[in-house]
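Two complexes are shown next, each including subunit A; its partner changes from subunit B in the first to subunit C in the second.
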Partner chain A sequence: MAWVEACGIDEIDREDVIRWDHEGRSFALYRSPDDEYFATDGLCTHERVHLANGLVMGDVIECPKHSGRFNYRTGKALAAPVCVNLKTYSTKAQDGKVFVDVG
Partner chain B sequence: MERDQPGMMIVGAGECGARAALTLREQAYGGPVTLIGAERHHPYERPPLSKALEPGCDGLKLKTIASRESLARIGVTLLAPAEVVAIARAERRVRLADGASIAYDKLLLATGATPRPLPIAAGLDHCVTLRTFDDALTIRSRLSAGRRLAIIGGGFIGLELAAIASALGVEVTVLEVQARILQRGVPAEIAAILHKKHADHGVRILCGQAVASMTETAGGVAIRLADSGLVESDLVVVGIGARPNVELAEAAGLAIDNGIAVDERLRTSDPHIFAAGDCCSFPLALYGGRRVRLEAWRNALQQGALAALNMLGRDEAHSAVPWFWSDQYDLGLQVAGLVDETVEMVRRDTDDGGVLLFHLAADGRLIAASGIGPGASIGRDFKLAEMLIARRARPPREALQSPEVKLKQLLMSESTH
Partner chain C sequence: MTTAAGESLSAAKRDYSLVGASARAAIETGLASAEWYHTDVPRKVMKDLMQRSDRRPLIDAIIWLGLIALTAAGGVYFWGSWVCVPFFFVYGTLYGSACDARWHECGHGTAFKTRWMNDVIYEIASFMVMRNPVTWRWSHARHHTDTIIVGRDAEIAVMRPPDLLRVAANFVGIYDVYFSLKALLKNAAGIITPEEASFIPEMERGKAVIAARAHIAIYAATIVVALVVRSWLPLMLIGLPRMYGCWHMLLVGLLQHGGLADNVTDHRLNSRTVYMNPASRFIYLNMNYHVEHHMFPMVPYHALPRLHELIKHDLPAPNPSIFHAYREMVPAFLRQLRNEDYFVKRELPPTAKPYREEFHSASATPNAAE
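This part shows the complex of A and B:
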């Protein structure tokens, strides 16, 4: 366990995503329509594009470049061209902050 | 060689054909699937051929869609390289150049397109086109610092290649016969941003320049321009568009109309034969059923999958919004929808330094969006614009123009109308 404070809970809009860089790694942090927080690797598994520029719809993030889709809760690759799942990380919201277990 | 259990046959193993084969298996189709490709490689993605290498890559590598092994594992027979020479529709068989004859139940033509040749360049050794992985290998092997590259045609292939080559220290000249680059399909405002970017990187772009003659020199080509200017180069790449590969379909008597003519379910004039991707023209419901042919990666992918569903009898109509992108230097360009019925454009400048243009028709309907910005920064807005286009939305001009108004809000207010 390596919990790291990533951002304030209101820095991510509801049903949206932001980029968070930590120690040379890039993550995508999501706030679901139900105000739950999730974290995945920041780069698409297809062509290493930053997912934080993509659109969140419900539980799904769509890559801004080639329209690959993932479920950001599970990391599951949902639509071509992506076929490799996205790594996910545990999060917790505490004291108005979002923490990510960067492993 | 005779194979007599008819199944699904796909001619063309590019993005479109490969996606069709994969989709057939994802849909649990249990019969034979044969995928026939003209190239020696397994199915691969074409867009990277004209784009910069991914960070850390020391050379061009095949970006695999499906390897021979993975296709074999799911029971897809890949014949590549192989050439189909005829379709015998009455017998529902295709004949290959090696004499083999294969029966089909349903046939998908995903034959793609071929670069348009420049007649004046016929027979020149140092003049090539870019379509396949092998083409790209040839070109990249000849791009090194100090070399001179002339590109005929200021379209996407040519400009993407110009960006790669200039980064390698190649001296690049782009010759465009029209008054500006990207005349077809990209607004002047956005083309101008790209033009400047190229100029900043030392690429020389000459517009309004017709080629009068081309002659072989020692190890290169001399291009004489109509205005008598001279461009000397070590390599010429011609990028003046592509024509659909319709020869097989035409010889088989299928209807042709700027490509293999299909209906919105991608059926040709023969109910057992479908066509998809760059080779076909299809009616686009969103634009009044106008017949279009798209040469775009996502269209190939989506139509391949859709054709597979309809080969299985699903009866699903095409409904996607046309979309393409280009990467040049640190800029990403996207265009969604069809731009040619635009009567007005509304501009939005994004916080990241990007520019979005919303294209409105005479009745105020949003029919297209085009834009450019650093990296993939305009991606999210583009997805939303695409959804607005699909809904035939008429967003207020002020809202489109103001970066304060999120497109997601517009989409939500649209759905409550």
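This part shows the complex of A and C:
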């Protein structure tokens, strides 16, 4: 486990996503409609586009460039043009902060 | 609106093959899958613009399909007399032109909030426009990754030097239908060409074959029915509208990128926004806001006018009419017959961020008027 503080819990709007860069890697951090927090790789597996500019709808993140869709809870690729699943990371909300296990 | 002439420095002839020299050069120089310019829009505003709804696209779809049904009924009823002509004119335009915008918007998944509604209209519109729904989903993804990058973009409508005879013939779909049917027949026979394979992942190719077989089966059935009843009427309803009704698709579609720069990574240089009449905007689903669409493809068609108002300070002035845009584009095509490196370089307003000339200097020389 390598927990790293990523952001404050209020830095992500409900049903939204932000970009978080750490040690040369880019992540996408999500806040679900139920105020749960999730983290995935920051770049779409189709083309190297930052998912943080995309649209969160329920459990789905849609890539801003080609509308590829992933379930951000599981990383599962849902619809063309994405075919490769997204890597997910464990998160925890603690003391008003969101932590990501980047290990 | 002010425009200037531009002239690219590329000495080599353009190779539009997706597996040729220009494709290799685009990859080597970083033009392929490059980072593109975007106007700054606050996240909250963009999030609001990207929101989907079913209401507006449902209304548009009901009007579209309702008019198709009504005009088809009128055309059939008056078949054999001249009265059927206006019915088929409208039917053909709604089938052979409006299908393109529905194929496009639903392919992006931005028309409806409900996914299956996008998928249903996408399949119907793909059939109408004679495009393999699988192949073209992937080719359009490439078009957005590498817009008008020679050797990478599979959807460059007018290549340089322009083949104006082909452009004119396509107003009645002659070339497009020939090549579309040829591609569908090949796919139906299980053949995926090397060009198609360059942008369709292997796991998707089987779906392309199945889709092509479905399309060909419907056309074959229509031809059989026409032979049995000894009438052109079945083909007037299915298939031929892609020819006699595609004029509007060409009329507005050519303006998207025609005569503008290629091999640049700023949609303000290679795409055109044109103000249009409401009927054209309905048929075209607001794709006249084409710079805005390419910059932010997740914004649904019905939010594009709002996006345009927000970012127009950073974009070239739109052409005020279709006619005005043609007066800009056609002379550029004619110049490209003599010099294929010529293009129209659109002027930015003083409020805009400048083009990244240093980035584009390898392929474009601003204001290099002949």
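Everything below uses one rule, namely that the second predicted complex is superposed on the first by the 103 of 103 C-alpha atoms of A that agree within 3 Å, B and C clash if a C-alpha of one lies under 4 Å from a C-alpha of the other, contacts with A are read in each partner's own complex, and residues count from 1 in each chain.
As a working rule, contacts are C-beta pairs under 8 Å (C-beta built on N, C-alpha and C of every residue); 3 or more make two chains touch, one makes a residue touch a chain.
Just so you know, these numbers come straight off a predicted model, no measurement behind them.
Superposition of the two structures on subunit A leads subunit B and subunit C into a clash. More residues of subunit A are touched by C (comparison of subunit B with subunit C).
By the touch criterion defined above, A:His66 lies against subunit B and subunit C together after alignment on the C-alpha atoms of chain A.
When the two complexes are overlaid on their common chain A, residue A:Pro81 makes contact with subunit B and with subunit C alike.
With both structures placed on the common chain, the touch criterion links A:Gly54 to subunit B and to subunit C. Under the contact criterion defined above, the residues of subunit A that touch both subunit B in one complex and subunit C in the other are 47-48, 53-55, 62, 64-67, 80-81. Contacts from subunit A toward subunit B in the complex involve residues 47-50, 53-55, 62-67, 80-81.
Residues of subunit B touching subunit A in their complex: 19, 22, 45, 54-55, 65, 297-298, 301, 305, 323, 325, 332, 375-380, 382-384, 408.
The residues of subunit C lying in touch with subunit A in their complex are 33, 44, 46-47, 50-52, 108-110, 113, 115, 134, 137-138, 141, 144-145, 201, 203-204, 296-298.
Residue ranges on subunit A touching subunit C, taken from their complex, read 13, 16, 46-48, 53-55, 57, 62, 64-67, 69, 79-81, 83.
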